[in-house]
Every structure is written in C-alpha cells, then in structure tokens.
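Just so it is clear, A, B, C and D label the chains in written order, and each chain counts residues from 1 on its own.
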C-alpha cells in the first residue's frame, strides 16, 4: 500500500471538498440560509466551463470567470425570488425552495447540455506529474493552491475589511445591522452572489478531475453538508480544516477499509459528532 | 378544497377515458417499450428505443405481425423503479401486446410482477440481474442480454490464456458487480486455474473518482486488472482515464458489455489498449455478412444516423424474436409466445441463429476485443 | 434657524395586526433640544422611536410622515434613514456581541459628506467621551457590562454622524449611579450641538436633564411641555414622581 | 353548523370518496393511480405533522417509508406473515427507528436537524444497497398478494387493493385531524410558534417533539407497508430523493396545515406525472418551479390563489380545511 500516494490523494480531495463547500459556509454563516441546490449549481459551473472551453473555444482561464458570472447570475435570481423568505428567515420554505431550484437547474441543464457524459479538459488536467512512485496532475496542484489562496483571502476579508465587518454584523443581528446603516438586503444579495461564484470556481477547478454529467451534484451536496456541519456552521477556518479532514478520511478509509462505504462512514462520524456534542456546533456566526 | 379535488378528479377522468382505444382487427399491434430516456442512462435508452423503432419499420415493411402494423409506444422509466411501474401500468391500460423493457435491474425487477399480473408478455432486453430469470416476478421471463455466469467464462478464459497470476478486481459494489466478479472467480476455479487475488476494491455505482482505489491496486502490481463498472456515462470512462493516468501496471480488462462505443468516446485516447468482450459487433463476422443484420444497420443509420451497438441490437432482436413467434403461432397471447421463445430457436435474426435456454436466457456468443485508435477491434477467433 | 424642528412627525400611526399602538398627530424636536418621552409600560414609547426609523422586530403597519430637517424620509428603508442622520439606539440588544469594541466602533459607511449639522465623531473623540470603552477596546461585546454596552451603543451612533439621536430606555437595568452618568452624558452631547429624543421610564432621572417632556398614554400624547412646567403637572407628579414632590 | 351536522357531512364525503375511481371510469389505470395516490398521500401525512405542526423539515421520512416496506417484504416473503401481522411489524419497527432517530436529533433544530435527517437517509440508502439481508441492490422479491384469510379477503390487483388503500387513507386523515385537536397537537403548535410560551405553559418541547416524531413515523411506515404489497417488490429506490421531493411538495404546495392538503398535493403531482408528462426533464422543471413559485410568492400555498373561494369553504368545512396562519 502506497501511503504517500494516499496522502496526496487525500490532500487534493480535501482541498477540493473545502473549495466546494465554501460558498455554502458563508451563505450559512452570514445569511443563515441553506441551499439544497448547491450541487446543481456546481454541476452548472462545470458545464458552463466545459461549454466555454470546448464549444466556444475560450481559453480555460477565461472560461472560469465566465462560469463564475453564470453562478452569480443564478445566485442573484435565487435571492431575488427568495428575498421575502430570507427576510422572514422562513427556513422551512427556504430549504424546500432551494430543492426546487436544484430540480429546475438539473432539468434545464439536461435540456441545454444533453445528458451524455463529457470531459472537461484543461491545459492543467492533461499534464501528469510522476514523482517517484507518486502521481498527480497540475490540475491537482492548482486546486490546492487556489483553495489555500481563496480561504486566506476570504478569512482576511471577513476579519479585516469593511465588507467582512458588514457581513458579520448582518450575520449576528440583521435588525441591529439596519440601525447601523447597513443595507441588509444588499448584503444578502452579495452573499448569494458569492455562493454562486464560489461554487462555480470550485466546479471549474475540481470538475476536470472526473467526467461530468448533468445529473451530478448529489455527491457534492453530501460532501458540503459534512464539511459545513463538522467545520462548525459558518466557520471559514473550520470549513477548511473539515474539508481537509474529510479528504484525508476518504482516502485512508478507502485505502484501509473500502471506498464503497466512505461516504456512509463520513456521515456516521457526522451523526456521532452531533449526538456527542449537539451544542458545540453553533459557532459564532459571521464565519470566523 | 373540495373544488380542487373535484377539478383534479375531473381532469384525471377525462384523460383516462380518452386513453384506451378500441382494439379492432386492422388496428395496429401495440408494443410497449420502457427504457430510461432521461438521466445518466438517457442517451443509451433513447438509442435502444430508436433501434426498436427501426426494427418495427423493417417488420412493418415485410407485412407486420399477423398482417397488422406494429405501433411502438415508448415510455421513460427515469431509471427509477417507481416510475417504471407507473409507466408499465400506463402501457398495460393502453392495451399493449408485449412490453420490451429493462436497462436497470431494479427497474426490471419492479416492473416484472406488475406486467406479469396483467397477463402481458414481458421481454427484458438488457438488465442483467440473475433474479430476473428466477421466476419469482415472472414465471415466463425472457432475457436477451448475457448473464453474469456466461460473461464470467470468457474473462476467465482470457486470464488463463494470458497466464496472468496476479489478478486485481475493481468492482462496483452492487448485485451486478459482485455477481460478475464471483462468476469470473468461479469460472477460474472450474478450470482449476491457479492465481493470486492481489487486490479487490469495491466502490459505489455513482463513483467517478477512482484515485484512492487505483492507488491500492497499483501498489499490488497486478498482471491483470478486471474493471467491473456498469456506469457507462460516468464511472467506466472515468476509471479507464484514471487507470491510464495513474500508470496502472498490467493489462486492464473490462467486464463483458461494459465498454460500449459511447464509453470510448468519453474516455478518449485513454481507452486505447483496454481489453473487453461483447456479444455483438455490427461490422464483424458473423454479423457483417448477415443479411438481416445489414438491413438493420442500414435502417438505423437511415432513420437515426447512428450505427447500432450491442444494446440497440438486443432491443431490436427482442422485438424481432417476438414478432417471429407471433407470426408463427398466429397469436398475440402471452403464454404460447413465451413458451415458444423459452428453450426455442430462431433463424434469420440480426444475431443470426438465436437460441434461448429453458429459463428464457438467450445463449450468446462472446468475443474478446481490444480498443485500438478508439475503435473496437475484435481479436482473432482463436481466442 | 434655531426654531425650525430637526425632527418632525406628522400623523404617525403604528398598528400591530389591526391594533393601533401609536397615534401621533404631531411631534417636533428642535435643534439642540433634548425631548423626553415618558409613560407607563406599553404606552407606546418604544413604538414611537421605532416607528420614526421604520424599524421593528415585529411586522407593524406604519403610516404618516417623518421629516428630518424638513425632508420627508418616511418612504425610506431603515438603513437609509440611519444614513441620512436619524439614529436609533434600541432597547435591549444594542451592540454586536460577537465583535470587539473596536470593531463595533468601526465605520459601516464610507460616505464622507454628511451635510448640514452633522459631524462624524472620530474614534478618539468617543474614547475621550467614554474612557472605559478605550480600556476595553479589545473585548468582545458579549464581555461588556450593561453600562458599558449602553456607552458603546451611544458611541457607535456618534461614529455614524447623527443629526438626531433616538435613545430607547438607556437607563434600563443600570445601577442608579450609572443612570445619572449616562443621562449626564446625553445632556452634554445635546449641549455640544446634538438633537435628542429620549425615551425613559425613569421619569425622576429624566426630568432633571430634558428640556421638554412628552407624556404618552395608550399610544397618544396626553401632556407636553417644558420640563420645569411638567414637573408640576399632576399627571406626572402623581403617577411618576410620587408624593414627596413639592 | 352544528357538530353533528359536520360529522354527518364528513361521513358522506368519506363514503363518496370511495367511489371516486368508479366515477372516473373504473379502468385499471384509474385504480392504479388512485391506489398510488392514496399510498403516497398517507406517506406524506406522516411528514405533514413534522413540517406543518412541528415546523421542522425532516428529510428522513423516506427512511420510515422504507422501514415499512422492507419490514413488510421480509415478514411476508420470508416469514410468511399475513398483512395484519406484517403491518404490526412495520409499525413496531418504525417506532423503534423513530425513537432512535428522535433521541439522536432531540437537541437539533432547523437546518441542522434537516442536515442530520438527510445524513440518516443517505446512510440508510447505503445500508439498503449493500446489506444482503435486505436484498442489496437487487432488492426483495416474492412478496405475496394481499390476503387476509381470516376475513376471506384477497387483493390481487389494484382494483381489489383499493378498499384497503382507501381505508388506510381515511385512517391517516383521521389520525392527523385528531392529532391537531389533541393536547399533543396544541403543544406541538405552541413549540413551533412560540417555544418560550410553550415552556412557561408547562409544555416540554423535547418531549413534545419526540412524541410527534413517534406518531408521525408509523403513518409514513404504514404507506410503505401497503406499497410493498402493491408493488410486490422492494428495493433501495424507496429511499431515493424522488419520494422525498414528492412528499415535501405534497405537504407544502397546496398550503400548510390544511387537512386535505397532502392528499390534493399528491393527486396534483401524480396526475401531472401520469397524464400530462412532458418527459423527465421538463417534469423536473415544472415540479421545481411549482415549489419555488408557491413558496416564494404564495405564502399560504396554492389555496392562496383561491382566497375568496377559501373563505367560502372555510365556513362550510371548518373542521377540515381551516387554515391557521403560518409563523410570522
């Protein structure tokens, strides 16, 4: 058994997971919103990137912002439609509405992009690196680097900048934030736009690792759940660590037990954590 | 509230009343076809349905069934057993004479008792699970695609011929995958072949990232890796690509019928060198010179601009065999036709001579192939 | 100039689910004036100040006009009324508990031009006003005492450049000594140029600092006048100041 | 209207409902549709209690449906139990699983509750897919026809199964409406709308939640029981999102806390799916859009469109369809 290779697998997977989950973490931390359409937004990001690269002939690096823009657009529409529910914090309805959005996105993407598997090939994903017994691609390196930069930038923004402060104020108490002169609706819009852009960025980077299908997205939502809950809901640093831990767990559980049960095992751990310390999850809102 | 209910009930009623048409002598014979037309398996389900339509028009051109034209009623099971059952019920109430179905085994297993209870003939084209022929859901089952045990023999023979000693399995962890692996191992045992199972990695059907499993397999340094993955849209091409990238040592062999041309087109260059086996190739002997097959291939190309693969051929052959039996017996009734097919032989089909076992399983003839230049190249008959 | 009201409410009505909680034909607060609003529990004091900024933790129906320096701001959402200089320091939760004092005092708006009569207090100025906050500037809001939170609430409002300040029950839950400290600070703010509407239950303390007093009962103004006159008003004297008032 | 009159009217309505498939032509397809609608409506009523009364979104109700179906399949096919015994078994198993799940999630609220219930559903699906005791991915076959020899009753097709399905539906509606009038129902509403008030009124929120959970699970499980007989085959697909979305949509689309809401919701969805289908993808878009639009723009559900009508009906059917304003 090649443990170093599994370590590499786990680290790459972990950064991919953290990147996939980050949009949701912020959404949850700032706006206390859940988005069950997250997986389908990931799918859409992957397909828009693919469309840009292989149908429009755009360079990969141009296709990424293109996909992020699409993600922002979807986020805006979702928030526009759900604004009343968001301000009311009607979580029951919000959860179901986002499930509905996932359905609509899946149906629309399948009608637009077809339902056959596609390969999202990038200049990085086709370049393999063999290093002794180890194997990875430049795409894997890009995932790790972008994830680290993204999390560092996000952490800095939230902790040190005015925008981050505004978001934290809205997260803690939207009504008090309004009395501080903050346009709460705009912050909610911004957070949704961020969610859309972040998940599209994750898709553009992570999706080239495997073939893409319009029916995918379920696994991504599952991963996001685990990362967000284990990381302490709304916590950026926690999400990064939880993503990394989940990646390593998946790799080593796959190595020592079986990949067949990795997801179920991760969920079992999650349930166990929640049973043992149900209160320990309510970490400070605002995403520290 | 009551108004809503009445409204819903009324619309429901209107549609149901409009549904069943009166069966008259010169009315077409209705044939129900249920495959996934959407979702991951959607494109392939659509192709199978199209192939059946092509075969229907071939049959109709040569006089139809008992002088009546065949009308195909196609439905989408969405790869979901519950939806499949609903669709089967719909077709039953439309008065179909036979239902050709089956891409996913659970969908077939769910539909079998429903179709059976309605007294309608049920022909399974592709679903591979062994219980389909167990008689529990349908005592008069017929299935065309090869069974796991038939498939196991050809892969076992290949392993033995290659004198490979270190064997690894990458297996989909469900009834199909586990059954396929078991049958390969059972066949190896039957021919008393000595080998060492150096790795065995199971993964869920929906898996697309095999790097963790491949790392384990690679470390075991196998002579042959057998990949068993029926997820043609996602899993199999991903597995082939990642195996190539990870520089998996030894020969990658895919389980029978898991590498269709669609898999190769997604997997791209990485597919070159992969070995597989299958039961139908449109342009290889004995199919290439089979007049019926040529006609079928031409018709499919003409109607749908597509060269048929194995799945399409199986769907079309299901319709053809049923039409032959009906014409021969001059009946559309379930029981006589099922009994004619089960254990029977048919000449002049797109598969040439087709023979069914007493349990309704088609006897098929496997051929090994290698993928070269992203094309399936059948290995010489000596194999 | 001195007589023109900075803040004016006309026909202000607030209703919760069909029940009229406030019915205010007219109320005005003039430049550099400290107006106190007093009344029993449920008289509509908080409803009044909340209604002026269009803010609530419930979902009331608000109608009527609110004018700030003669400009009608009643169509604006809360955050824009705040930005135009009408600041409410609410009762209860008035600081961000998950943030440090320093962060609570950080600017939430990047506009520099505030317009006539407004000035944004600098961080140093508010620390000068409340040295205690400077000592605790790295503490989280949740670690502050009630008095410190009240100071922080006022300080945060000053940082936003208020034209008029609405204070909702600043003395609630504070020790008597702290009450007078807070109210004295408010008085000195008014003396240095601010306009304040103060809702207070502690009439005895309030009457010492305010210029004018408004008495609310069941959502309506039942008495109004200079503090000195109101002291002798029997409705005030009996209900709020007790027998020992001369 | 007097209480007695209402009861009589309801009884007449209940009797009339039984003849709906006959009125609609009585073809096999109508019976198949009606039986399925009844089964799925019962399934949804279990979830309805959690969503409408407790105000939480349980994503684990497919598990109770599966528990009912799998227990029935195992007891009837392997142990040879009759329908009544297997029903008892299914309800018991559902209670057990619900107690376990209820205790685990007792402390959790809102989205954390939903996430954990979803996790449970995913783990359950993996277990069902892989555990050969439950038939693995091939599922369980050989479920016998619905026969109660004691009563000489046997149902081999949907037409014959209809009386059973209809009775089950009536029973579920009765349980839900009694629940809403019961002290537990009032307590649940209080816990949902005003937890603080609930505590001060002597209601134990956690106990109430657990009790509602324990009442809700067997309802959904009983739907699984009949589904096993109706389909004669059970596989892990009963844990798929298809059923989850079906249930959720049925519960919310017409309007929350309307007694006949889930039934009408299921009817609308299945009629669309069966008779107005535009193919899987367009159906998905339709179902998703209906969910989005009703929840986002019609706060009181589809009945909001018929607001004037509703007041009419509210008067006539007060005990049945009385809307209670949702949480503000």
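The rule we apply is simple: a contact is a pair of C-beta atoms (placed from the backbone, for glycine too) under 8 Å apart; a residue touches a chain by one contact, two chains touch by 3 or more.
Because the structure is predicted, anything quoted here is derived from the model rather than measured.
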item	value
Highest-count interface - the chain pair sharing the most C-beta contacts	B-D
Geometric centre: closest chain by C-alpha means	A
Inter-chain centre distance, chain B versus chain C - centres from mean C-alpha coordinates, in Å	77
Chain A and chain C, separation of their C-alpha mean positions in angstrom	44
Approximate Å spacing (C-alpha centroids) for the pair chain C, chain D	52
Computed distance of Cα centres, chain D from chain B, in Å	36
Multi-chain contact residues (two or more partners), chain A	110, 218, 260, 263
Residues of chain D touching at least two other chains	126, 130, 280-281, 328
Touching two or more other chains - residue numbers and ranges from chain B	38-39, 42, 173, 204
All chain pairs that touch each other	A-B, A-C, A-D, B-D
Of all residues in chain B, those that touch chain D in their complex	1-5, 8-9, 11-13, 15-17, 19-20, 37-39, 42, 76, 78, 80-83, 85-86, 89-90, 92-93, 105-106, 109-110, 112-114, 117-118, 129, 131, 134, 136-137, 173-176, 178, 204-205
For the chain A and chain B complex, residues of the former touching the latter	1-2, 5-6, 9, 13, 110, 114-119, 128, 130, 135, 137, 209-211, 213, 215-216, 218-219, 250-251, 254-255, 258-260, 262-263
Contacting residues of chain D [partner chain B, same complex]	13, 20, 23-25, 27-30, 32-33, 36, 126, 129-130, 136-139, 141-142, 156-158, 231-233, 235-238, 240, 242-243, 254, 258, 260, 263-264, 267-268, 271, 273-276, 279-281, 302-303, 306, 309, 313, 317, 320-321
Chain D contact footprint on chain A (complex, rising order)	28, 34, 81-82, 84-85, 88, 90-93, 95-97, 99-104, 106-108, 110-111, 218, 222, 225-226, 228-229, 233, 260-261, 263-264, 267-268, 270-271, 274-275, 278-279, 281
Chain D - residues contacting chain A, complex	51, 55-57, 104, 107-108, 110-112, 114-116, 118-120, 122-123, 126-127, 130, 241, 245, 248-249, 252, 280-285, 287-292, 295-297, 299, 326-328
